[in-house]
Amino acid sequence: MSLFWIPLLPALGVLAPLFSAKFGRTNCAFATAFAPALALLLMLFKAPAVFRGETLIATVEWVPALGMQLSFRLDGLAFLFALLILGIGLLIILYARYYLSSKDSMGKFYAYLMLFMTAMLGIVLSNNLIQLWMFWEMTSISSFLLISFWHNNTDGRKGARMALAVTGAGGLALLAGLILIGKIVGSYDLSIVLQSGDLIRGHSLYPVALVLVLLGAFTKSAQFPFHFWLPHAMAAPTPVSAYLHSATMVKAGIFLMARFYPALAGTELWVIIVTLTGLATLLLGAYTALFKHDLKGLLAYSTISHLGLITLLLGMGTELAAIAAIFHIINHATFKASLFMAAGIIDHETGTRDMRRLNGLWKFMPHTATLAMVAAASMAGVPLLNGFLSKEMFFAETLLQHTLGSLSWMIPVLATLAAVFSVAYSLRFIHDVFFNGEPVDLPKTPHEPPRYMKVPIEILVGLCLLVGLFPAFIVGGLLHSASLAVLGGEVPYYSLSIWHGFNLALVMSIVAMFLGVVIYHNRRKLFKFQSQFPETDAKLVFESVIQCIVRGSVRIQQFFENGSLQRYLFLLFVMVALFAAKPLLQLVTTTGDREQLPLNGVALVLAVILMFAAIATVIWHRQRYISLLTLSVVGLVVSVAFAYFSAPDLALTQLSVEVVTVILLMLALFFLPQQTPKESSPARVARDLGIAALIGGIFATLNYAIMTRSGVSISDFFIANSKPGGGGTNAVNVILVDFRGFDTFGEILVLGIAALGIFKLINRMKVSMPSGDLKGRNWTKDSHPMILRTVSQSLLPLALLVSAYIFLRGHNMPGGGFIAGLITAVAIILQYIAHGVDWIKPRLRINYQWAIAIGVLISAITGVGSWMFDKPFLTSWFDYFHLPWIGEFELASAIAFDLGVYITVVAATLLILANLGKLTTTHRPTVEEKR
Amino acid sequence: MLAKPRFRWLPMPYHSMLLFVTWLLLNNTVAPGHLVLGAFLALGIPMLTSGLSQPQPALHKPIKTARYALMVLGDIVTANLEVARQVLGPLDQLHPALIAMPLDIEGDLPITLLASTVSLTPGTVSSEVSQCRKFLYIHALTMTDEAELIATIKERYEKPLMEIFSC
Amino acid sequence: MEMLFALCVGVLTTCGVFMILRSRTFPVVVGLTLLGYAVNLFLFSSGRLSINSAAIIGSTDAYGDPLPQALVLTAIVIGFAMTAFVVILAMRGRGDLGNDHVDGRIPDHSSLSDKERN
Amino acid sequence: MNFVLELIVSIFLLIGGGFILVGSIGLMRLPDFMMRLHAPTKATTLGMGGLLIASMILFTLREPGHISVHELLITIFLFITAPVSAHMMAKTALHQKLKMISRTRGQELLDPASQQLAPPQTTEKVESPKA
Amino acid sequence: MSHLVILPFLLPIFGGLLLLLPPIQNSLSRQRIFAIFTSLLLILVSITLLHTSYSQGTQLYMLGNWQPPFGIALVADPLAALLVLLTSILGFAAILFACSGDDETGMYYHTLILLLISGVNGAFLTGDLFNLFVCFEILLIASYALLVHGGGKHKTQASLHYVILNLVGSSIFLIALGILYGMLGTLNIADMANKLHLLSEDDQLLVKVAGLLLLVVFGLKSAMLPLHFWLPRTYASASAPIAAMFAIMTKVGIYSIFRVHTVIFGENAGELANIAQYWLWPIAILTLFAGAVGALASSNLRLLTANMILISVGTLLVGAAIATEQAAGAAFYYLLHTTFVSAAMFLIADLVSRQRGKAEDRFVQARQMKQRDLLAGLFFVAAVAMVGMPPLSGFIGKALLLQSADTGAAMGWSWSAILLAGLAAIIALSRAGTTLFWRVSSIHDEGETVPRAKLIAIILLLSCSPLMVIFAGPITAITTAAAAVLFDPALSVDALLPTLTHNPGGY
Amino acid sequence: MLSFTVILVSIMVVIALILNLWRLFAGPDLADRLLALDTMYINSIALIILLGIWLSSTLYFEAALLIAMLGFVSTAALCKYLLRGDIIE
């Protein structure tokens, strides 16, 4: 379990800088370094076991559904990488302590750094594919934060975004690849996956999985053609570049290839893809590096080139090449990190990174210069330094491979060519910066940096030397155990000595050295040649591609989502037609076997009236008042139809709702234009008519098909239980208040909410009112005709009586709380129409809002009442009582429920209509005034 | 003369009576239970709505009222037959007219009743009451003599109504 | 009879859908109401058509299906609440946006301004 | 049900139906709005009256001991409301100054009526109202 | 007998109604305290319900004591209970957030939110299709009223579209119900699944129409292509806490697709098995595409968040299209995650708007926010979760879903669509974040400091994301169980229908 | 005989309804159309009464009563609109 502490310590360490930042920079750095130092120590304790070739694994179950465990694995490869991450990480912490200025938020920086360190450790220690991916993506995120650390700087923001987009995309591909591997193997457990190499390689989806995983690796490791983000990530503070972009994060891709080497490598496909990608990257990076005037730009391309080199090695598929790759990982990390740190010092001390201005710094900072020169020499592959050793192994391997068949000879040649450029740009780094005349126009006078800022470089350069001189002693064990992990079984013999005799590889090195010097010497001609090509700034290209995508998206979106409701509705109807039409086309018979009702003349005429009225509504829809009248006719006929087809309750409801709706629409008519302009083109009308007729046809067909079919239904239950179970003879009403009282409860809730919502809408509503009618006549001055007033007033008690009648009989006969409520409401609305709001207001002091709440509460409490009898919500109760003289009568909880319905309906309707009325009690302009 | 509520619990006795009868009509019954319920509603509803009603002249002659109602019913039957003939017959024999009938009767309810009677009896529709409540504009489907029509209405309908409301 | 009923539903639907596809709020509301009628008739008829069979226990020998009736009742009430809301919203829209177009803006090809139409 | 009852009911029904039809024919035939306004009175008064009486008779006499008088209520309602509807519509027509056929007498009253003014005092036929 | 099942529906109703009455109605602070109290209570109830339904199996509540299919039954299976809990937490956050001012810009805020919650909870709990319609209407009408909360042109306009579209949707729902009742003679979902087999092949076609019409209806609610147009504008124009609350609304549609199209039209439906899936595949992919395009085209944070919701809808629809128990479980986990996170993002967008002056949350250079680091931190967490990057909950949901794709075609389509949409999201959100927080024109100290209530609300929602990762094991266990119930007829159908004592009649 | 009469009278009422509809369509003024609608309300009452007689059922009485009451309110409101524009003020 102690394995968990290795990533966990830095994870906890994220908090350390945040809390210690206020205690000064040095304390903050120490506090930050504590956790990784401890983790490093912990790991070193594990070293003997790892060097013995053991694989330490610690697992905790996490998400079984995802096959995801929290599982860590420490083998040679993980050990090597973890060592780099923690070791260089500690040096970076020290370095950053001096690098960051007092304006920078050190706490935040260290916190991001620790987050990154955790993620990196997570990747290399993961023993579960999904977990590995989790940490993989976390590096993308934390590196985004680190690159954009100076976020006021546009380059920083854009560079970070680009890095995130590219590595994020790769990460997504990787996820797909890993899940695919998991599906092939049946487990995400790395130990199992690594043992299932043959299964994976033999699977038909292997190419897909391989490509996906490699996409992840290549994007992360800045392989061609995904390399372009790395130079722009150099906008990051230099400690970040040194850490992420040389030593660790970009190596995550390499790590991935190494990690999956036993599972994925060894096929032709692997060799071709990885080798060619590596080769292209190697060449491109080496060549481009030479032309970069920016110090960090040069190092960035150099990094790309070296990453290509390692990739190439891993691609060759031979065991020795893999070992060479691992060795070069170590070497590159040491010399490149130190070079970056040196570049950071130069930048820090001079205020520029432009090599055209940086000249002759040797005089100002000899100590730094020396360190940089040793590291650069290692980068160039100068003997006695570590870079030389791995490069030599590389050359040797290029000579042994047969990747490209008869063209395989090209690989050593191209490798040498890359080495030539590598020597050239290393030389440029040394000569152009530290010698080559006097500095040009530097913002600051350079001098040596603080003492401890150089310590990390000294350590790394020392390592370069030590490894270069005593390779087997220093890294032998490390390399061996890592190779063991990568190769999965036996490690072949390899020699870590400085001298392998005078062989072809050495010749290649010597040629590279010589030609490199020649090229650097003639660099001006080469620069001139290169300057003929327009320099494409990847950032600009990337940004413009993104801009292009964004603009395209905007265009697509504006085209489809043009804000036109008519289009949206049209699509909705098309969808309905599409979905319904397909099954209907397969329907064999429309007419079912059920006996149909005979047609009669009266019904026919009524139907004709209904259809004519409906069509008239459409034809006259632009004269809104007329369409309202025809609409009323439709409503009337529908009510009569309900009555005709034995649904008296429905007829009553439809009638009362109809009136309220008409009143509402008339109110709307006053505040809306009274006519509709002719807007639709004939084509549009035809289109709309087409889809409307289609939908109409579909609904009619469905309706006919259903009505003519016989079927089963639960309805008999209601008929049978209405009286004995629900205590009422009106089955419809018993369903409403008892069997499905819950629906009714919901329904009054809807009505209540609608009223509240409408009241909310009316509140502070701006209205425009027509000053006269359609023909421009003034409205009459007689706002409340006397006769109407007088009669309405006497109708009110009568209407209330009818309400009471309808309400009380509802349970047994057509009627009920809802209809009664609407009758009451209509009667009161008639008072509003006849007398006006001003007259009613002081005479009818009802708080409709309260009434709605009380109405719904009465129904709810009636429902809850059954809890006392240990029955579910809305369980009804009824009984028959006998009183002398009066006779038998029934009491039922349904009546209380219905009372709630009644009150809600009255209150909601009035809240809506009465408040609408209030809108115009203020002055209304006449036609003349408006002119 | 305006009727003042005589009892607090019976603000509109005629209304209450009317409601009670209506309740029994609605239920087609004189069962005791409904008598109680009807009485309760007949008392309760006016109490609820009394706030919303303007005081009106009281009915003083219930018997005269009934007689008036029957007379109007009779007029409706005879006039309807006459008008039906006119409607179905040649239209060019119709001589419509808009007339203004001076009103002697006062008060909202009496005027309303008169206007309603005029409208209910076929052949005439009360179209407008002048703001001063002194004239009733009537449209007649066909009219031979204006004075005669006015006199008939005044004699047959306005006078009894004035008696009923004693104004 | 069933055919006639279905025909009515079809015509009401057609008219409703056509109106819903208009560009001004009022016709759309009218269309929604028409469609509402069609839908209620449709839902009602899912209990099949029958005459003289009201679901009042004791009033007849064969009862129609009371359940769709109850459903339609609920649907009518909910439809009313929704219509009311959309009507007021349309008014609010006219007040806030200055016109009664469903999109809140009158497309360029419309020749009439809102004021002229009043 | 005996023949006499059926006959009586049928007669009332026919009376009702007849007047309803006459009213609607009038609505269709009559030449101007104010004249057409007279038509529905037929439907509401004798038309509905006939039908409702028929219904009352039928349901009262159909089964012994059961009276059906609630139809009266509809009649009462119609008698209360129909004149008011007619009045309101007439008022509307006056206000909108709808055209009446040319032979209509008293057209000069249209103006004062639409503004609810007293008629102009020029006509001698009308006595001036008491103060 | 336990009434636990109905409490998530009733409690907010009682709370909401009491808010309308004195003495609570009289003062805003009383309203706030009461609303918070109610929603906290609701969370407790929901947790209890989830625990009960998970440990003791599906809870059936027969309303009115009528046995299904005759009466309406509430069905609290783990899925419903889980979503009820989600709604309750969201509701609490929306109420808490609004307590520092948003509830004053219009009337009835707390009442309407509570009633909305009850509608949503009702929709999750009901086992009756018509009652589902009623619950839909409750939540819709409450959402209409809430949408216009605060007033303004944009809200009016957006809600006009939203309301009209949904009214048409409701009509289609009723038509579908008419067909289903006409052919199957029942309204209970489980009973429908049973009765489907009794129909002739020809009659089944009619039921198929109904099933597909329901797909349109649920699709409209869940904003699937091409019925999604209402969503971005609607969500972007709503007040922040309401937009946050709305994050659950699309999920109701998704939930209904799962409930109806799995239980009624699932594997065991014979000829009608998986009728929705044929359409769901292209729709899901296109929805993801539309969401990605929309996200890239968004010009402000609210719009972007709305489009992210669209992406999440597409992702969930993929889960529905795969139509396996595993996919459903994955989808439910993802559903929880995306609801929390998008809700939080809406709230964050509001805070951002308030500190950026006239620029609001548009992606343009503007003055620096007063509490930039705080807001940037919140945004960062939300964004990481939203795009599905580790270590927050998005990645587990996404990985679960990708993993559940089984056939080659399913993998090809769903993976590429989901992953590419994820990439678009990364690009869009990184652009958004860098612009909003880092492209600063000037440094002012104006703007309101974030009130504590708002901060707590956001942190509450955001912290759900890491918690969902840490407790991913138990949570996926619940979502898996939730999915299992849906896919097992013994649990989703047979268990809900007591042996009938009544023989159904016929026409 | 009665059922024959009922059918005959129903046909008369239905013809009346058609005539009303014709007036509703023909106008010419809004008031004419309104009058036609008002007449249709009354004729519908007749139709429902006839339905009750035909089915010898009193279940439809309330529907007739309601049309009588609500039709009036509707007509009054529609008139008020033509007169004043705003029906509740």
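Residue numbering begins at 1 within each chain, and the chains themselves are lettered A, B, C, D, E and F in the order written.
Quick note on the criterion: contacts are C-beta pairs under 8 Å (C-beta built on N, C-alpha and C of every residue); 3 or more make two chains touch, one makes a residue touch a chain.
It should be emphasised that the depicted structure is a prediction, and the values quoted were computed from it without experimental measurement.
Each step here moves to a touching chain, and the least such steps from chain B to chain E number 2.
Chain nearest the geometric middle of the protein is E, using mean C-alpha positions. The greater number of contacting C-beta pairs, out of the two interfaces C-E and A-F, is seen for A-F. Chain D has its Cα centroid 33 Å from the Cα centroid of chain C. Taking each chain's centre as the mean of its C-alpha atoms, chain A lies 39 Å from chain C.
Annotation: 23 Å between the Cα-based centres of chain B and chain F.
Across the assembly, chain A contributes 563, 565, 569, 573, 594, 628, 644, 648, 667, 669, 699, 702-703, 706-707, 713-715, 718, 739-740, 743, 746-747, 750, 753-754, 757, 761, 770, 773, 780, 782, 785, 787-788, 791, 794-795, 798, 802, 813-814, 916 as residues in contact with two or more other chains. The set of chain F residues touching two or more other chains comprises 10, 15, 17, 30, 34, 36, 59, 65, 69, 71, 76, 80, 82-83.
Residue positions of chain B touching 2 or more other chains: 22, 26-27, 115-116, 126, 129, 131.
By the definition of touch given earlier, these chain pairs are in contact: A-B, A-C, A-D, A-E, A-F, B-D, C-E, C-F, D-F.
Those residues of chain A that touch chain D in the shared complex are 773, 775, 777, 780-782, 785, 787-788, 791, 794-795, 798.
Those residues of chain A that touch chain C in the complex are listed here as 563-566, 569-570, 573, 594, 596-600, 603-604, 607, 610-611, 614-615, 617-618, 621-622, 624, 627-628, 631, 634-635, 638, 641-642, 644-650, 653-654, 657, 660-661, 664-665, 667-669, 671-677, 679-680, 688-689, 691-693, 695-697, 699-704, 706-708, 713-715, 718-719, 722-723, 729-732, 735-736, 739-740, 743-744, 746-748, 750-751, 753-755, 757-758, 761-762, 765-768, 770, 812-814, 818, 908, 912, 916. The touching residues of chain D, when paired with chain A in their complex, are 77, 80-81, 84, 87-88, 91, 95-96, 114-116. Touching chain D in their complex are the following residues of chain F: 1-2, 5-6, 8-10, 12-13, 15-17, 19-20, 22-23, 29-32, 34-36, 38-39, 42-43, 45-46, 49-50, 52-53, 56, 58, 61, 64-65, 68-69, 71-72, 75-76, 79-80, 82-83. For chain F in complex with chain C, the touching residues are 55, 57, 59.
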